[in-house]
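We call the chains A, B, C and D, going by the order they appear; numbering starts again at 1 in every chain.
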């Protein structure tokens, strides 16, 4: 447990936060990687997920493939990709996108599917086109679940973004690997705690926005 | 392919080792999550704390946990027990929420009816609520089993043998088939375990169409 | 077995009173219907009998024994309970659902199943349905299973909480008829909760009309209530004020009488003179 | 605010679930490996393919001499296996003189192989001994491409100071703090480098970064055949900044004289070229460590 106390000492020391290699810069890098991975994943997964939910077509395929992709070990993906593309952000970004897509995809189609058929039927009966039903009924009503998918993906990517440092990129993984390789366990613990705190803050933001949304949509 | 055939005995050993780490962790996560979820549902103020708290365990980066855990516990790093504990923690992160939701989703009418018929609370839990939560519990268990199988490989960085050893070794020597085989086998293992769970659901829960969702 | 409610009150922690100072005698071997719209506390009263809810004050007595002195689980096993949506255990086959209470009280599986088969016959269920799961039955069949299950332990008391509330009108009438037939044979003490007047008039030996908060508007036989509603609330509830139940009869060509309600809507035909009939529907 | 109790619960749960029942397995483990009186020798190895091959060579040589051998290979960290060596759970472990000495005493001075080996004897825990060290070393070295060396006229590490551009080096992250790393280079040679951490211990990624021009310098181990294959230049460490890393077996008291003699025989033929050959063979054939070890021993005529 002494290591844990030392770790908090590291975190509370302003010096460890400053400088080009400090926790401050690393945390920003970490956030940036997470955001980038999420944007790319969402660009891929949201349209597909929404269409699967809307049309019901390809659902079985989506379920099976998301399950399969979940089974892919991130460490393996990063090392494999790195052998092909070299050091830098590309290899970890490929792995993070693979990691984030299933959650976002699942959230998207589950969100659309969660809208009761009675509601969409009414919308259709009022003369809405397929697109209008999707944009005006299914997406707004499914939004809490869709955001829930993004939330899960964010948590996973934040935790895994440490592995970016394994292949030459930055982020809080830098401190983590430095601690690991030099047996500086307080440093490693401090890095882990920083990652966890980051995850807690991001998760709280999502929780807040989901609550706000539910209230705005009158779902409470 | 040739590399795989040449190294088949080692790959087989690693696969077995992989399962020996993953399966106890999945089982332990399940067995711990159900009572925790039960308690969370019983004591409502506790629920948010327990469910979100265990959920956040998933935010712990896997690699440091594998290393830090034995330091905190004071056990040997290479002890497979540590890896199993770490995997169990990640399993709990997923399982507690789905177990809490599963137990919560049991139809209140059925619950009421069983109380009215004279089930004691304990008996009601085991013969009514638990089996009825079964399909949803199984759905959660399937996610846990897939993610655990895939997480095991990270422990290879510590020198605990698993299919992940195919990554670390392949990475150092630049053997692509080794890494590819590791990824492929991990996915296949996860798929097989998943199919096994689905089949078990069909047998154990014949009343639920498809045995699980 | 007679049931007595003595000055029972149920107040929830937030201060709302579901039932206030309610007193009622339910005679043995009869069917008492608690009639009222939702929120009148009728289900609360019903559940006090098997201690699913304990009153804040007052007592419920079965044959002069306060139920509060009986261990709830044992008490419940002696009292049949049938509810809306049947509350069947979806993971048990029909036969096992019916056999639940006998099994709980320690009957062997064979005995419990034998008893369940008898009950299926009593409630008019085809024996071929025994191996099905509840989801594979129609709504009406599920309710029959519910009734059979309520009767399985051969209880003297049967509590029925809007048991036929969720089935379509035709099946509902059929089930009511079935229940009347069963009651003729078995003579249980039944408390039956409903918000449906016609159902109350059909099944009740005694009807308790309830206002909000469990306040009694009137207690009486169906005849009492229709003939002499105690107040405007009862009259309104019965639909007497809207002329639905003030009947007129006019002679028919070729003998007999055509009966119509207060608004002139024809209801049916009687063969003999109306003054020789009771004014029931 | 709401998240705080949640996080605390998380940590509490972490410790809780972790504490339960750790001991049974552990005692089990000890029981399995602590059978001191049998003649069986337990050989360990680091999680590094080259180290595992050397361990396999030791194992096969000992088996050839009629010893019973048990293999406990690919153990990650020194924290893990040094205690196991001390407790007698492992009997033979291929090590590297400098790193082992630095692990046991972080303030150890650098120097020539002999002095480091001598210093190592001072800090070895009781009950452990080293045998002869081999000529072969596998040590951190500063490597540049041939073109870059030619362009900037580089032969020694000190020459890097003359290069008139920002230089970066690909190495494991510990390079940030180790005496032979960023700080040491600056202090001893006046060379300022930016670290690009790549965690493959001078493996294919580090090499790739160097060849792709992502970095100008790479930290690649001296026994890596990639240096020769890619025509890389090792910059001479004139000030002995890097600890010599001669291959040396650490043995416990359970290892008898006969076994020690057999191992020393291997040590005497294991020169730098031999280690390079072994590593190159492993990488080109992608064979298992056992096959590579057998190939080399047969080539040396050391198996009968």
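The rule we apply is simple: a contact is a pair of C-beta atoms (placed from the backbone, for glycine too) under 8 Å apart; a residue touches a chain by one contact, two chains touch by 3 or more.
In this text, all values refer to a predicted model and were calculated from it rather than measured experimentally.
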Chain pair, B-C or B-D, that carries the greater number of C-beta contacts: B-D
Chain separated most widely from chain C, comparing mean CA positions: D
Chain B-chain C separation of Cα centroids, rounded to whole Å: 48
Computed distance of Cα centres, chain D from chain C, in Å: 83
Approximate Å spacing (C-alpha centroids) for the pair chain A, chain D: 37
Shared-contact residues (touching 2 or more other chains) in chain D: 2-3, 6-7, 77, 79, 200, 204-205
In chain A, residues with contacts to at least two other chains: 82-83, 180, 196, 200, 203
Footprint of chain A on chain D - complex, ascending: 2-3, 6-7, 77, 79, 170, 172-174, 176-178, 196-200, 204-205, 208-209, 212, 214
Parts of chain D lying in touch with chain B, wherever the complex brings them together: 2-3, 5-10, 12-15, 17-19, 22, 25-26, 29, 47-49, 74-77, 79-80, 83-84, 200-201, 203-205, 282-283, 286-288
Chain B - residues contacting chain D, complex: 3, 6-7, 10, 32, 48-50, 52-57, 60, 69, 72-73, 75-81, 85, 88-89, 92, 157-161, 165, 168-169, 171-175, 177-178
For the chain B and chain C complex, residues of the former touching the latter: 107, 109-110, 112-120, 123, 128, 131-132, 134, 205-208
Of chain B, residues touching chain A in the complex: 52, 56, 58-65, 67-68, 71-72, 142-143, 146-147, 149-154, 156-157, 163-164, 166-168, 170-171, 174, 176, 179-180, 182-183, 186-187, 189-191, 194
